[in-house]
Amino acid sequence: MAHKAPITSPLNDQDQDTTGKMLQATLVDLIDLHLVAKQAHWNVVGRFFRDVHLHLDELVTVARGFADDVAERASALGVSPDGRARTVAENSGLSKFEGDWRSDREVTEAITQALLEVVRRLRVRIDESDKTDQVTQDLFIDIARELEKQHWMWEAKLAS
Amino acid sequence: MAHKAPITSPLNDQDQDTTGKMLQATLVDLIDLHLVAKQAHWNVVGRFFRDVHLHLDELVTVARGFADDVAERASALGVSPDGRARTVAENSGLSKFEGDWRSDREVTEAITQALLEVVRRLRVRIDESDKTDQVTQDLFIDIARELEKQHWMWEAKLAS
Amino acid sequence: MAHKAPITSPLNDQDQDTTGKMLQATLVDLIDLHLVAKQAHWNVVGRFFRDVHLHLDELVTVARGFADDVAERASALGVSPDGRARTVAENSGLSKFEGDWRSDREVTEAITQALLEVVRRLRVRIDESDKTDQVTQDLFIDIARELEKQHWMWEAKLAS
Amino acid sequence: MAHKAPITSPLNDQDQDTTGKMLQATLVDLIDLHLVAKQAHWNVVGRFFRDVHLHLDELVTVARGFADDVAERASALGVSPDGRARTVAENSGLSKFEGDWRSDREVTEAITQALLEVVRRLRVRIDESDKTDQVTQDLFIDIARELEKQHWMWEAKLAS
Amino acid sequence: MAHKAPITSPLNDQDQDTTGKMLQATLVDLIDLHLVAKQAHWNVVGRFFRDVHLHLDELVTVARGFADDVAERASALGVSPDGRARTVAENSGLSKFEGDWRSDREVTEAITQALLEVVRRLRVRIDESDKTDQVTQDLFIDIARELEKQHWMWEAKLAS
Amino acid sequence: MAHKAPITSPLNDQDQDTTGKMLQATLVDLIDLHLVAKQAHWNVVGRFFRDVHLHLDELVTVARGFADDVAERASALGVSPDGRARTVAENSGLSKFEGDWRSDREVTEAITQALLEVVRRLRVRIDESDKTDQVTQDLFIDIARELEKQHWMWEAKLAS
Amino acid sequence: MAHKAPITSPLNDQDQDTTGKMLQATLVDLIDLHLVAKQAHWNVVGRFFRDVHLHLDELVTVARGFADDVAERASALGVSPDGRARTVAENSGLSKFEGDWRSDREVTEAITQALLEVVRRLRVRIDESDKTDQVTQDLFIDIARELEKQHWMWEAKLAS
Amino acid sequence: MAHKAPITSPLNDQDQDTTGKMLQATLVDLIDLHLVAKQAHWNVVGRFFRDVHLHLDELVTVARGFADDVAERASALGVSPDGRARTVAENSGLSKFEGDWRSDREVTEAITQALLEVVRRLRVRIDESDKTDQVTQDLFIDIARELEKQHWMWEAKLAS
Amino acid sequence: MAHKAPITSPLNDQDQDTTGKMLQATLVDLIDLHLVAKQAHWNVVGRFFRDVHLHLDELVTVARGFADDVAERASALGVSPDGRARTVAENSGLSKFEGDWRSDREVTEAITQALLEVVRRLRVRIDESDKTDQVTQDLFIDIARELEKQHWMWEAKLAS
Amino acid sequence: MAHKAPITSPLNDQDQDTTGKMLQATLVDLIDLHLVAKQAHWNVVGRFFRDVHLHLDELVTVARGFADDVAERASALGVSPDGRARTVAENSGLSKFEGDWRSDREVTEAITQALLEVVRRLRVRIDESDKTDQVTQDLFIDIARELEKQHWMWEAKLAS
Amino acid sequence: MAHKAPITSPLNDQDQDTTGKMLQATLVDLIDLHLVAKQAHWNVVGRFFRDVHLHLDELVTVARGFADDVAERASALGVSPDGRARTVAENSGLSKFEGDWRSDREVTEAITQALLEVVRRLRVRIDESDKTDQVTQDLFIDIARELEKQHWMWEAKLAS
Amino acid sequence: MAHKAPITSPLNDQDQDTTGKMLQATLVDLIDLHLVAKQAHWNVVGRFFRDVHLHLDELVTVARGFADDVAERASALGVSPDGRARTVAENSGLSKFEGDWRSDREVTEAITQALLEVVRRLRVRIDESDKTDQVTQDLFIDIARELEKQHWMWEAKLAS
């Protein structure tokens, strides 16, 4: 199909390009986050199984919702988003999540770490998008607000 | 973590192994199906944009629900399921879905084809699981019933 | 219109033909069942009027839902379903339901009888579909489970 | 059963007879309309499959609801309504709806035509019932208001 | 308080007076109907206790709703409605409902009779209001349609 | 009908008689209260029309609910309750509520007064029922708790 | 676009023309009514601010719903409705509503007046449509019934 | 009462007898399972009190629902089900659950064990019912699918 | 497990002991009541099948809810409740409910009798708990209020 | 009425004035947008009638909601908003929407264009309000985010 | 404001004074309880973070609801309630809850202790109010029933 | 407990410190606002009692929701929030709210004033947080937007 630009962007070419790349990188992070959360949801074992199992489903819901918002924001800017499995596997910014059964403690540490990584990259994009598109910046801020809250709730379990 | 078998299987080793592999293969197909459906949901253009955009969300819901059922069925059999991005990228049985904007016709053809592929592999597993685990077979039958219905609805749009 | 086969069947021609005929026969029975149930709903009189009137609406809902499932199963197999009034009038397997006002006792007997007839034909199709399409068989089993339950509830009223 | 007149009519014999016949004719039209709409719902194919498939379910709901109102209005007037398959097949005022798969265009034309036919017969009954029973007339007016709206929505698709 | 006419009527004085009297008479009938229905709801005994007890609550809901509509219609016409206990006791058109425990059969007969009485008076008012206020007439028709339906359902229980 | 005592009372004859009379008196008060509240709901005029109109509907709901509880409590004790219009008109303990349009201030004063009257009679019955039936007493206490709250809310509007 | 008559009218040309004009005039009144109600909703001040602010939102909901019904009734008759801002500004039958902040009393008087104006024009159309289209007349009656009720509630606040 | 066989069975005598016994044994297991789950729900103590307390209520809901399905399936086959306390106490296949307060660990082990026992017996019945009644077999498969999932969730807590 | 008293009681030892025994006895009665109600729900036959079948489910809901309240009240007082099948079978105060199919009349008599038995024992405990724990007494009163109402509704069916 | 400034503004006079003008201009655009969307909703014809008809109602809901937010934001800043028909007709920034029936393609192009116009003006106001009131800016950003998304969905239909 | 007694009390002066003081003391305890519960909700850390965090929100809901009931009960008795921050800080009967992050164990102990303190004071007031106002006593009993249940659930976590 | 910093902050120490103090100050204001609103809810008297009583509950809901958001934002930044009664009493920025019954006018003035105070402090924090944490700033902006709207609605009642 030869449609290069079916959607008129409200941004100039430069801002569209820069903002589009930040949205694409965020999309990949969020899809990976929800796949990792589901993987942990199915493979966690230990006394806190149910606590972690249920808590992860909240995270799945959050990550899926924001992935949709981010991809549709890219489309609205005239930028084709890419959320296919291979793209996610090759471009995600998250640390590798090991396969097989995992203890509740291991899962809690891994999710806390994953959230911190995603948030740190988001904060850089909040600064950059201030100059290219304040509307997109507002979306990044919404995501950061929620994920920083999720991060607190997971890290709070590691205190002892 | 050294937990090799934290969950007692209701099946003997042989049946557990065979059934587990079928579930793992189905899981990968279904996760890929929902990622492809979301990709199409964001990138479709053309007169039928809204029709296809909304129809795809039904498919996403169906695929996500069954992926969860399948992975948790594996866990219940004492088999650790693997639904991480790289595993999906390397093992999915679906044809490649091209990136970039796609016309409504292209999307409709690709989804029809993807559903047919998933259903065909499922029908083989329905036959095999008859000998290893009728409980899992019942789940495969449920999935096939729904996906064959979805397939009809997508293919019906291609008649002209 | 010349569309003979717009939908690709997951079955071979022979199984498609046999299964399709069983689905068509079931569809006709279920549509007639719901028309008869509505007819009784409007024409019943007697002390148990309200009991029977309300009970029949449950049956209408059940019969309508399964008729839809059966017809869409046929479509999914690439077989065009036929649920028009004349087709139903000429092919239904139910005994004739007399017109005019009917006593609550007469209605209860007629509905009990109708359910028994539909269930008996379904049990034959459950056996046959085991060889042609287990996915369709699963649907026949679901219908039989529910209609045998309904049959018990109606026949229980006839004990004295 | 010998119950000729279990229900006391609020009308005199003449008005009861005339009004009862109009209700019976309307009942048959509406049952046929919903059977035809379901038939089309299952057999439509073409690019507009989903649009037509969903739109028809609205019509099914409307037709079923009014059929119930009309039949119960007859009962309330002491007239036994008849909605059995054979009665519908032999007395419906709708044009024949062909079997087999139908294109979306063919279905849209047939439904538009069917609605027009039902509405035209209703308008005659609105005039007649003005003299026999204004309460029944009010029901005919409600049905006409809704079906004329449905007719507009289907015919609007045929403009080009 | 000296407010004789705080509300501007959309009708001329003559029509307002005639219509207002019909509304007041209907209000009294409907309040009495719901008090009688409640009385029966509490005092019915016999094998059909639960059938009658539950059926009466539907009637209570219907009667209360219409009483409110009728009283507010009077207010909207600038006519003060009167629904106090003494006014109801002295002006209701319903036959006396005996106190103490009542058999299910007695209650069914009394309610059937009460509905017939209310409906008959309503039909006279439908004719009269055609000349004074068609908006009020439409309300009377709505009430008659529902109460004639209720009447059928109660009388149907008396057939044997 | 000759049923003098179809319901076995959990109380002895003396306590049943005393408690039954208190319940009957409360029933009459509550039915009158809801009829008065509806009367005011329709006839109030003045700047606070909407405030009072909506507030009265809360009172109607409360009074109807408790009237039902009280009457069914009498039935449960084997005492036939009497809530017919004439019984209410002749036995209610409430002051007369004048007909015709009423100012918002007049209505507020009348309702405040009516609530005070009902509550005062209830408090006497709470004391008496302590000796005859603590289960009925608990119901009187529930009613008093709610009506004293309603009373405060109406009287609060009279402060100035 | 050259579509002069894409929708087949159930009326003859004369009745269609007359009825269509009445519907168009009603549409303009109702759109203006809801714009005025929103204007007042935002600009009212005074002790009764909240009472009036909330009451107006009910009116907005009522006016919007009927505007939709009226416009779609025109479409169903094959008459193109016109509800654009300029058409409303130039053809509305309502008195001018002044801009800037308005006291609660001023708003109450203006809304009461506006409702009276709309109702009076509606009553003329109810009479006229009796001869051209009883189905449309039924819609006009529904609107009048509701708006006369709203009018009473607003005017009741002006009594003092 | 002399009713030996008020319900006509869709099975022959032999299959009815064998299937009926399996259903009766399953019913007893499921009722005991829900009584044990409630007992644990009330008596568990320890750091995981709330986790276990809430998790048990899910199991209660599952067990109650299936007990109802199983008993009504027996009735539908013309076999009288027996779910009385003494029958359960004497025939349940579950290990004894000790009285008094129980630690969260003890409860988790006991529930895991109970689920394993019920599932093992169910798997035997799935095999047997394949020959006597596939409709009942389908119900056993549904129960096994859900209870094997519950078993995994409880056993996962025991891994460490 | 050695936890003899993990929960601090708000009562002194004597009152805790007396109140605890009353709660335990009530718990056993209520669990048996709901098992008997379910048994009857499945085994009733006769013209009133549906009436009794549905009515029993209300009783099941009531009995289950109160059993939970009573057991948790015991726990709150530091007394371990015992609701296991054998404990219920050996300690219930209800008359034996015969197995096998039962006529609607037999069931109605048995349930009426069972409710009377439970209520009579409850009334003794209301008196006793007045001296040991008014908070528990309030719970007993709530249960008695509801069960006496249920009793009336069942006994009302026996009047003739 | 002489109320010039009944509401204390949180802004200084200059910022209040500038921000107030931007809000007023946005209000007019949004009211016109929803009137145009409704106009199109009623007048669209063509194969995509239903797709466009339903899609427009989403836009109506969005535009109405934001119009309310914007007007109430003005009020909160002490600026009287003006949303009357004439003000909208004379000040809207949208291109004229032609009357009469319109094809689905024409409507799609007009709505896409209208959304682009509204978004472009909003982006200027986002920049300006950054200096006068960041709270209002946040509202403008929310509106732009949603309308840019809506714009994408409409323009996507024009690609071919 | 000089309103000393705008609300007529149903109690004599002495009882009003005594009961009012008990209600005021209870109000202060309950407000402090919900502030402490919220404080713990935000500051808890440790493995049981989520368990405690969620459990505390149930307590917040309970405490807020009862605080409202208690304050409105005081108003209904003509006693002005005082729930301001300083009043709570100076009069609460709860032990001090330390600031800063708190471990899950510390929080569980503190909440268990707080509930015990509140319950003990309530039990004294239940005894006293028996002589001054049984309606208020009933409210105190309701609160004690619920808080004793909450206390059990928190203390159960401390058993080990 | 020695946990000084269990939560990793996404901010550097300086920004964390400054932002944390602003959040703490906002938390105290919002808790005080909701306690004051509840105090007024219980103590208001006068003709506008119900208007003010209901309006205050909206404010309570708003203030509670934002207090929770603000406290959890502090936690997410690694700053322990303090919302205890004494902290609120000593640090709130609101003017003192007098005890005892208050007239509706006094309450309206006090709430209008309180909202203005909270908003003014928030606007300073919006400016400051622009430099320390834009995510927190976004939360402050959301709160200001809502409270400025609430302020308008309360102040609008004071215009006359």
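To keep things simple, chains are lettered A, B, C, D, E, F, G, H, I, J, K and L as they appear, and every chain counts its residues starting from 1.
Following the convention adopted for this analysis, a contact is a pair of C-beta atoms (placed from the backbone, for glycine too) under 8 Å apart; a residue touches a chain by one contact, two chains touch by 3 or more.
Since this is a predicted model, take the numbers as computed values, not measurements.
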Steps needed, at fewest, to go from chain A to chain H via touching chains: 1
Between the pairs D-E and E-F, the one where more C-beta pairs touch: E-F
Repeated interface matching H-K, over half of the contact pairs identical, chosen among F-I, B-H or A-H: A-H
Chain centre separation in whole Å, for chain J relative to chain E (CA means): 49
Chain A-chain B separation of Cα centroids, rounded to whole Å: 23
Gap in Å, rounded to a whole number, between the CA centres of chain F and chain B: 63
Length of the line joining the C-alpha centres of chain C and chain K, rounded to whole Å: 60
Shared interface positions of chain A, touching two or more other chains: 3, 6-7, 45, 51, 72, 75, 101, 103, 138, 156, 159
Interchain pairs in contact, sorted by label: A-B, A-H, A-J, A-K, A-L, B-C, B-D, B-H, B-J, C-D, C-E, C-H, C-I, D-E, D-G, D-J, E-F, E-G, E-I, F-G, F-I, F-K, F-L, G-J, G-L, H-I, H-K, I-K, J-L, K-L
In the complex, chain C residues that touch chain B: 3, 6-8, 10, 72-73, 75-78, 134-135, 138-139
Chain K residues within the chain H interface of the complex: 48, 51, 55, 153, 156-157, 159-160
Complex interface listing, chain G residues touching chain L: 44-47, 49-51, 53, 101, 103
Contacting residues of chain G [partner chain J, same complex]: 1, 3-4, 6-7, 31-32, 35-36, 38-39, 42-43, 45, 67-68, 71-72, 74-75, 80-90, 92, 97, 99-103, 106
Touching residues (chain side chain G, partner chain E) in the complex: 116, 119-120, 123, 126, 138, 141-142, 144-145, 148-149, 151-152, 155-156, 158-159
